[in-house]
Amino acid sequence: MDKVVESHEIRKLFKSGDQILSGGFGLSGTALTVIDELLETDITDLTVVSNNLGDLGQGLHKLFIQGKIKKAIGSFFSINREAVIAWSKGELEIELLPQGTLAEAIRCGGAGIGGFYTKTAVGTELAEGKEERVIDGERYIFEKAIKGDVAIIKAAKADRLGNLVYHTTARNFNPMMATAGKIVIAEVDEIVEVGDLDPEYIVTPHAYVDYVVQSKYSKVGSEYVESR
Amino acid sequence: MDKVVESHEIRKLFKSGDQILSGGFGLSGTALTVIDELLETDITDLTVVSNNLGDLGQGLHKLFIQGKIKKAIGSFFSINREAVIAWSKGELEIELLPQGTLAEAIRCGGAGIGGFYTKTAVGTELAEGKEERVIDGERYIFEKAIKGDVAIIKAAKADRLGNLVYHTTARNFNPMMATAGKIVIAEVDEIVEVGDLDPEYIVTPHAYVDYVVQSKYSKVGSEYVESR
Amino acid sequence: MLSQDKRHVIAKRIAEELMDGQIVNLGIGIPTLVSEYLEDKEVFLQTENGLLGMGPLATEENLDIDLINAGKEPVTYLKSASFFNSADSFGLIRGGHVDVAVLGILQVDINGEIANWAVPNQPILGVGGAMDLVTGAQKVIVAATLFAKDGTSKLVNKLTYKTSGIRRVELFVSDYAVFKFTEEGPRVVEMLEPISIEELSEKVGFQLEYLNSPVEVN
Amino acid sequence: MLSQDKRHVIAKRIAEELMDGQIVNLGIGIPTLVSEYLEDKEVFLQTENGLLGMGPLATEENLDIDLINAGKEPVTYLKSASFFNSADSFGLIRGGHVDVAVLGILQVDINGEIANWAVPNQPILGVGGAMDLVTGAQKVIVAATLFAKDGTSKLVNKLTYKTSGIRRVELFVSDYAVFKFTEEGPRVVEMLEPISIEELSEKVGFQLEYLNSPVEVN
C-alpha cells in the first residue's frame, strides 16, 4: 500500500458545497500546497472549519479571496480584514467558537461523540441559543461535534502508509482534523518509508489518512515559499 | 524543581474514602510500587477507577484482597474472581462502563468537559437510567465526566520535572488519568534529567504530574517482579 | 468435526472476507484465530488497549509482558505500528475508523442484533470493548459455532440474552453456514457443511433462505 | 509616565505575583511583557496553540516560523518543553491545570467579571482562547492601564462591553493600583502611583477602599 499521490490528483476529491476541515494556526501547520490545488478547481460554496482564514494572502486567505468560501467556522477572524468586510456586507457567513470549543468539537466529530458540555463561554454572547446544563453544581453549555467532508492536514513527515508526525506548534488542530474528515489528505515536508517512524511517537496513525502529498512549500526566513 | 520522592513518602497523599484513578490494563501499565505503599497505610473505603482490579494477586487485586476497596468503577471485572464473589455477597459495589466510555469519561474529567454523548451502549442494559438524546438522527446516551482525588500512573520514563513517556500498550489509560486526578503520582522505570526527553514525544506534560516515584518492579519473563 | 476444527473452519472463512489495507479488530476466541489465515493480505490489526499494527503472539524470545492484546496475551508489533492511549483507541473504534470488527457471540437475532457480553445466570461484571466495537466498526462479522453445547441455535428469532447494542451486524460465519443479514432477515450466503438448507432450517428452528442461488459445498 | 512605561510597570508588578513551578499563560499585549521580568523564577509558559515551556521570542538566528506563540510571533522553547495538539492544550487550560492566566482587558467590573474579546462598535469576529483561559485558569490576573484613552475608567460598576464569562478574576494590576476582588468588591492592595485613594476614587468614579492598611509608594 502506498498513499502517496501527486498533488494535482487530489483536486477530484473536492466538490462544491463541501465542509472542509483545515489545520493551521495562522499559517503554521497549514496545507498550503493542497489549498493551491483547490484553487485550480471550479468548486465553490465551501464551508471551511479552521482557526482563522489563513494570513498574508496565503493559505485559506487565497481561497477566500477567490470567492470559494461561503461560510467560515473558527475562533479568530479579526486579523482577516477582507473577511471582516465581506461578513459586514453579508457576503460571508461566520460562526465563531472559542478556540478550545472548536478543537474539542472536531475531536468529538472524529471519535464518535455526538456532543459535549463545556464551561467555556457560559453566560456570554457566544452561548446564546445554546443549551445550558448544571453538572455537579457548575454551569456548562452544550456543543455539537463537528465533522467534515474533506480534512486537509499539514504534518512534518508521513510514511507511505500515512502515519504522521508533526513539527512543534505546527501540530495544532491537525491531529483532530485528521480524525474527523470523511476524506483525509495529508501534506508533508518529507515522505519516508514504513518503519522509519517510531511507533511510540506517531501522532496520527495511518488508519485516518487517505492520501499523502509532498508539500511544495518550504520555510525561508519568515515566509513559507513555494520552492519545489 | 524536582518532583522525585521516595516511594514511602506518597503514603500521606491518600485518605480513606478517596476516589483513586489507577492506570493499567491487566497489569500492563499499573503502578505496582505505589499500590504496595498504599497497602502499608490504614486507609480504607476507597473507590477505585480502573479498567479491571489487577490480576494474579498483584496490583489492585492486592488492595482489594486487603479490603481497602469499597467500590470499583471499570469495564472488566469478570477475570477478578474474588471481586465477583464479593460483589455477589454485597461486599463490593461495582459500576460497569464500556471500556471506551470509561476512557472518554476520564479524559473529559481532566479537560474541563462536564459530560458527553456516546453511541456506545445505546439500547443495552448499561444505558438504563441514562439520558438518551438524538443528535443528527443518531441515538446517543449521556455520560458524566470522571475525576479522582489521586491518580496513580505508570510510565516508562519521567524527567525530574514530571514529563512522561510510556512503553507500548502499557500506555493505555495512564495519560488520561494523569489529567484527571487532584494529586498525580507517576511511577516510572527510569528517571532522567530535564532535557533528556524529546519535547515532540512527551505524552504527559509535567503540568499534570505532582510526584515521581522510581518503580521497584521489573519484568522478568512473564512476570512483574519486585527487584529493587 | 471436532470443536477445535470447527473454530478453524470459521476463522478461515472469515479471513476470506478481509481485504488489503483494512483496519481490523479481532475479538477474543474464534476471531483471534482469523489472524492465522490472513496469508499475504496486508490487514492492519488494531487492539483496543492501544495498538494499531499488531503482529503475531510473542514467543519466549521476544516476550514483553507490557505489550499485550485485548485478551491480555503478549504480542508483537509490525513496523507500520503505532501506539496510542485508550481514549484515542476508542476514538478510532467508535468514530468509525475500524473497517471490520470480528466478534464472538452468544446469540444473534434474525435482524443481526447480537448478544456477546453478558453470560446468562452469571454475574455480569465485564463488558470491555465489546459494545464500542459493535457500535463503531464499519462492518461487524460475528463468529460462532451455530449451536451451543446444549444444541440450541445461536441464530434466534429474538435475543434472550442481553443485547450488545442496537447496531445490526453484517455477517455471521458459523460452522454450518455463512449468513448475511438483509432487510428481509438472515440469508444463507454459503453452506460450509454438506447439509441441505431444509435440514439446517429444521435444526435452527425456522425456515432459512439462500441469498442467491445455492452454492455447493466442495 | 509614557504609555510604554506604564505597560512595563504593570508587567513588572504582575511578575512579582508569579511563583516558582507555576504553569502560566500570558495573553497578548501587556501580559506578554511579563516574561521580561521573571528573572530567575522557574515559571513555565504555556501557549494555547500547543506548547508548554515557551522560551524567549525567536531571533533571526533561531527563527522557525512554524514555532509560534498564540500571538503568532515566532518563539523558542526551553529544554523542559513539550508540544501537544490544540484539543489537549485546551484540556490543560479548561481542566484547571494552568495556574495563572495573565490577560489584557477592556473592562473589569467591581465583582471581577471581565470583558476582553469584543471591541465595541466593531464586528466581533475573533475570540481565540480568551474565554477558555478566563474559564479554566486557577487564577486570573488582568492587566491594563486603568484609564482608556478617552479617560474613562476600565474598572466599572457594571460591564458595558460584552462579558468574557461568568468567572471572576482574582487580581487587576493597573498602572495606578493593584486591585484584589473580594466578596465586598475591589480592594486596593497597593498603589503604584503617588496618588491618594481619594483622588483615585474620584477619577474612577466610585469610592475605593484599601484591602488592609495602606501601602506607601516608594
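For reference, chains read A, B, C and D in written order, and residue numbers begin at 1 within each chain.
Note that in this section a residue touches a chain if its C-beta (ideal position, glycine included) is under 8 Å from a C-beta of that chain, and two chains touch if they have at least 3 such contacts.
The structure presented is a predicted model; accordingly, all values stated were derived computationally and were not measured.
When chain centres are set by their Cα atoms, the one at the greatest distance from subunit C is D. Rounded to whole angstrom units, the spacing between the C-alpha centres of subunit A and subunit B is 33.
Each chain gets a centre from the mean of its Cα atoms; for subunit B and subunit C, those two points are 29 Å apart.
Centroids of subunit A and subunit C (each the mean of its C-alpha atoms) stand 36 Å apart.
Among all residues of subunit A, those that touch two or more other chains are 104, 107, 111-113, 118-120, 166-168, 200. The set of subunit C residues touching two or more other chains comprises 77, 83-84, 87, 90-91, 93-94, 135-136.
Those chain pairs judged to touch are A-B, A-C, A-D, B-C, B-D.
Interface residues of subunit B, counted against subunit A in their complex, comprise 104, 108, 111-120, 133, 135-136, 138, 140, 144-145, 165-168, 198, 200-201. Listing the residues of subunit C that touch subunit A in their complex gives 20-21, 23, 42, 44, 46, 52-53, 77, 79-84, 87, 90-98, 135-136. Within the complex formed with subunit C, the subunit A residues making contact are 1, 107, 109-113, 159, 161, 163, 179-180, 194-195, 199-200, 202, 205-208.
On the side of subunit A, the complex with subunit D involves touching residues 25-29, 51, 55, 75-80, 83-84, 87-88, 94, 96-104, 106-107, 118-126, 139, 166-176, 203, 219, 221-224.
Per the touch definition, subunit D reaches subunit A in the complex via residues 47-51, 60, 63-68, 72, 74, 77, 83-87, 89-91, 93-94, 118, 123-132, 135-136, 162-166.
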